[in-house]
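Take a look at these structures.
What follows is a pair of complexes built around subunit A, which joins subunit B in one and subunit C in the other.
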Partner chain A sequence: MSLRDIGVVYHKELIDSLRDRRTVISMTVVPLLLFPALTLGMGLLGATLMSRAKGEVPLVMVVGGEDSPRVVEALKRNKKIEVVPGSADFEDQVSNKTVRAAIILPKGFDAAAEHGDAQTVGVDYYEGDIKSELALDTAETSLKDYRVTLAKQLVSERGVPGNLVEPFKVEKTNVAPPEKVAGSTLGGLIPYFVIILSLTGAMYPAMDLTAGEKERGTMETILTSPVSRTDLVLGKFFMVLTASLATALLSLTSMAVSFFLARNMIDKLVSEDNPTVHYAIDPVGILAVLLMVLPLSVLFAATLLAIALFAKSFREAQTYLSPLTVIVIMPAVAALLPGVELNTRTALIPILSTTLVGKELMAGNHPWGFIMLIFLSSCVYASLAIAAAVTMFNRESVLFRA
Partner chain B sequence: MDGRGGFPATSKLKDEMENVAMIQATNLSKVFPATKKTKEIRAVDGVSFECQPSEIYGLLGTNGAGKTTTLRMLATILEPTGGTANVAGYDIIEEPEKVRANVGFLSTATALYGRLTAKEMVEYFARLHGMDGEGLRKAIDSLFEMLGMNDFRNQRCEKLSTGQKQKVSIARTLVHDPKVMIFDEPTVGLDVIASRTIVGFIRQCRDRGKTVIFSTHVMTEVEKLCDRIGIIHRGRLLAEGSLAQLRERFGKQDLEDIFVDVLGDQP
Partner chain C sequence: MAEPLIQVRELSKHFRTYHRREGIWGGLQNLFVRDYKTIAAVDRVSFTIDRGEMVGYIGPNGAGKSTSIKMLTGILVPTSGEAVVNGFVPYRQRRRYVKTIGVVFGQRTQLWWDIAVIESFKLLRRIYDVSQSDFDARMELFNSILGIKDYLNTPVRKLSLGERMRCDLAAALLHNPPLLFLDEPTIGLDVVAKHHIREFLREINREFHTTVLLTTHGMDDIEELCRRILIIDHGKVLFDGELRELKQRLLRTKQIKFVVKDRADGEGLSRFAVNGVELQPVDELTYRFRFDRTKVSAADLIRQILASVEVRDLLIEDEPIEEVIKRIYAGEATLEVPA
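Moving on, here comes the complex of A and B:
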């Protein structure tokens, strides 16, 4: 093995690949556009839709309120809904979204309530329609508030202090620092995207440097040079690894920049329901994720090379490599499922382990034992993949497959 | 590393190499094992021959005769399954990298890297042959000058004409000043002018003391160029000698008639 020869091959492959539009696009444009589009675009779309839904005052029909003006009056005081008089086809109107919800009061509601008789108020809404769900929430809150007011009034009329009905109030305060809030919600997603992109970034050059060379007839040319086949495949491997890491690094940078630019918008979204919750991305966590993805990139680069080398043409290589995306996505998605946690067994499953530890790292946790185990096991898998690529490159039946 | 220093080879090299077999194939064989789709193929079957410096040896045969496989084994692109060969003093199985350091291999299958410029392409191969610095620059300058390549030196190979591409390929095979040149059907698919360039180049190699072996199925090329001819068929070397020797042995003047005669009794 000669480091000089590996360097010469690497240098040539780098120049060659950087002049290839398709490689450059898969390596840079995808990660640079995907994340801003995902975070800014989707975030913006979500925020717009949400604020539009919240900005609209939903029509809520009160059915059977003719003999109960007090409860209707209480509902009308809530400015977040607009109360409209009831009609017999209220169910159809909720379904057709003419009104967003319908409150169904039993006959003689006010009178019965004053006597403290138990009764049931129905609320019809349309599940899945966000505006209808918002109307339901508001109607429910209004009714609960009215229930407490009514109860207080009833007990005080009987000489019992009103606060007995509501002896305490609940106030929630978030103590999780902003980084942890972001880490636990986004924690799984960031490593997931970085892993997928480090695979897709390596895919095109891996095909171009192997099957592509066979197709263009340069494979035989390079095999006539005195460089050993091991040095040749290692030079190529380092180029594919460079593409993979560059894609991972660019995607992380673009993600960090997009979150930074969209931080106010995202923060506004998360703190809307609870003003004590804030959002921030931990740069150390992002760097740690990149470090954990490194051996995985090595694994991807070597595996892709070994498989693509077997193909006779670019098209054949694509057929072999496309299913690999699904194979990589599966464990990465599995890590996002609730209940899938880091343990000694999951720490040994490549890709899944990296996504799981990435989730922890993004949330600011540092399980050192697992970090070492995952890093080392990924290094072992990566070494095996490099050995496989070298073996493949030394096989005539693969290089000159008829 | 042997064989550096740029083209042309000196007359000293010529003297040194005189009468020493630069290529010596002994019982060279290649069997491609059976696959799901194909039966076992005995592509080359016990071929033995020798080539001397300043000699052009022509391997003549029909398609599938075993010419390409023989030459690929000599260039160490393929490994023999039987026998061996000594090229430029090195065994092709024991020291394949040293063999390649002393061989220039050119065929229509050895394409150029389209996205590299002519200069980068030749420079890449020079570096792979261990050249560097001033030596590399001089070798490239003199090659580009000699082959008239300075006009397109910084153009990408994909943009070059067929003739220009050929020159780059020639420069690529010559940059490390190899002792042995191997040409595998170098004129296939080329027009008359381009073929003439290649034929002229092969002759120049011989005149500069290099050992040349080339394969073809074009009789006129063999008649024009070869000092010795080997007729190969179904992996076996059936006849060998100079054109005059073959004419005498078979009592025929026309090489094509001789070729048909040799193949005549073969299945």
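Moving on, here comes the complex of A and C:
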């Protein structure tokens, strides 16, 4: 092995790849366009839908309220809904979304309520329709409030203190810092995307440098040069790794920039003190994720090279490598499922472990033991893959497969 | 006498391949049960080549030429036999060995497709450890013989095939190797480009005693460049010797073309077409006699014709060498390898 020769091969492949438009596109355009489009598009869509749903005052029909003016009056006091008089086709109207919900009061509700008789109020709504669900929430809150008021009034008439009805109140306070909230909502996604992109970024050059070379017939000319086959495959490997890391790095940068832009834009749209999505992300977390993805990139680059080398043509290489995307996505997706957690067993599964630890890192946690274990195990897998690629390259039957 | 530059003894290369069945059912069968067989692409080939020789290595497609070249350039490891080239065993001491050879595959290039030629040269200079002063001197020389200066800054893909081949030759000789392997160097080139390439090869052979082993399908390459040829088919050497000797042994047919004064003289020629002598009219005043040179003396025939017919011009030709080679490939002409 000669570092100088590896360097010469690497230099050649790098210049060659940079002049190849397809490599550059797969390396840069995808991450640079995908993330802004994804974050801005999804973020804007979500924010717009939420703010529109919140901005619209839903119509709520009160059915059977003719003989109960007091409860209708209490409902009308809530400005978050607009009460409309009932009609017989209320169910259809809820289904057709001409009203968002319908409150069905029993006959003589006010009168029965004053006597303290037990009765049931129905609310019709349309599940899955966000506006209908909001109307339901508001109507329910209004009805509960009215129930408490009514109960207080009833017990005080009987000489019992009103606070017995509601002996305590519940007050919620969020103590999670914004980056932790972002960590749990987006933290899983960031390592996932970085892993997938470090694979796709390596894919094209891996095929081009092996099967493509065979197809062009330049493999023979390279093999007649005084560079050992091991140095040749290592030079190629570093080129593929460069493409993989460049894609991962570019995607992270583009993600960071688009999150930053998205936060400003969405904050303007959702002008409330309680934005629905937190976009605060810990830059140290991102760096840590990149470091953890490094051995995985090595694994990808070497595996792709070893497999693509077996193919005789570019097309054949594509056939072999496409299923690999699915194989990589599966553990990465599994890590996003609830209940899949970091333990000594999952820490040894490549890809899954990196996504899981990435999730933790993004949430600001640093499980050092696992970090070391995952980094080391990934390094072991990566070295095995490099060894496989070198072995393949030294085999005549693979290089000149009939 | 000095050691031969190339010594090949009983060199063989076997490939394992399988019989591919036909049709859909056959295709499915192929996936599971394979009927493997071993093919000897090169079968116990022996020869030696001396320093400064230019040898044509010819044979039909699939004869084993490329496999032999790949073994001699260290890309493939032989199944059996041995080869010593430039004092190295190519497949064992490959890295040191390839610094002493140059290789050009006519249908492929070792130059980078998308970038200027000079960049490829600079990279090769680093790979082959050529000093800057040697590099400059070589570039000067190649430019004077090949005239490559004008397109050194052009990307390879924009070069014509002839220009590209000149650059490829220059690239293969950048490290001044004493031995050059050429696989179809003139394939697809026009007449002028072929001429330039041959001139260049003759020049380096004369100036630097560079030994050249070339495979080709163009017999004009062989006739212009090589005194000696090796004919290989089905992995075996069929002939190893001088081209002249091959011709002497195998050229049976001689042709004489006569240009006569007028048509009456032409008709007078027809009475000489006897005893196995064929007469073919070429045009109104030109006629061609074909005969077996072992049976009919050309001198006698000419003397007789000149005595009775007024001849303006005559031309004695051998059978084209392509025809001979075709007969050898078809198995019609048998050759014995000289010991």
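Keep in mind that, in the parts below, the second predicted complex is superposed on the first by the 386 of 402 C-alpha atoms of A that agree within 3 Å, B and C clash if a C-alpha of one lies under 4 Å from a C-alpha of the other, contacts with A are read in each partner's own complex, and residues count from 1 in each chain.
By definition in this document, a contact is a pair of C-beta atoms (placed from the backbone, for glycine too) under 8 Å apart; a residue touches a chain by one contact, two chains touch by 3 or more.
Only a predicted model underlies this, so the values are computations on that prediction, with no experimental measurement involved.
Visitor: With everything superposed onto subunit A, say whether subunit B and subunit C fit together or clash.
Guide: clash
Visitor: In the overlay, answer first, second, both or neither for which of subunit B and subunit C A:19 touches.
Guide: In the superposition, A:19 contacts both subunit B and subunit C.
Visitor: After lining up the shared chain so the two structures overlap, which partner does A:124 touch, if you call subunit B first and subunit C second: first, second, both or neither?
Guide: neither
Visitor: Taking the superposition as given, does A:223 touch the first partner, subunit B, the second, subunit C, both, or neither?
Guide: In the superposed model, A:223 contacts both subunit B and subunit C.
Visitor: Touching A:8 in the superposition: subunit B (first), subunit C (second), both, neither?
Guide: The answer is both, since A:8 touches subunit B and subunit C.
Visitor: For subunit A, which residues lie in the overlap of the subunit B contacts and the subunit C contacts?
Guide: Of subunit A, residues 5, 8, 12, 15-16, 19-20, 216-218, 220-221, 223-228, 396, 400, 402 contact subunit B in one complex and subunit C in the other.
Visitor: Once bound in the complex, which stretches of subunit A touch subunit B?
Guide: Those residues of subunit A that touch subunit B are 5, 8-9, 12, 15-16, 19-20, 216-218, 220-221, 223-228, 396-397, 400, 402.
Visitor: Given the complex with subunit A, which residues does subunit B contribute to the contact?
Guide: The contact residues of subunit B facing subunit A are 1, 32-33, 35, 38, 75, 77-79, 97-98, 100-101, 103, 105, 107, 109-116, 120, 124-125, 127-130, 156, 172.
Visitor: Going by the contact rule set out above, which residues of subunit A touch subunit C in the complex?
Guide: Against subunit C, subunit A makes touches at 5, 8, 11-12, 15-16, 19-20, 216-218, 220-228, 396, 400, 402.
Visitor: Can you list the subunit C residues touching subunit A in their complex?
Guide: 15, 17, 70, 73-77, 94-96, 98-99, 101, 103, 105, 107-110, 112-115, 119, 123-124, 126-128
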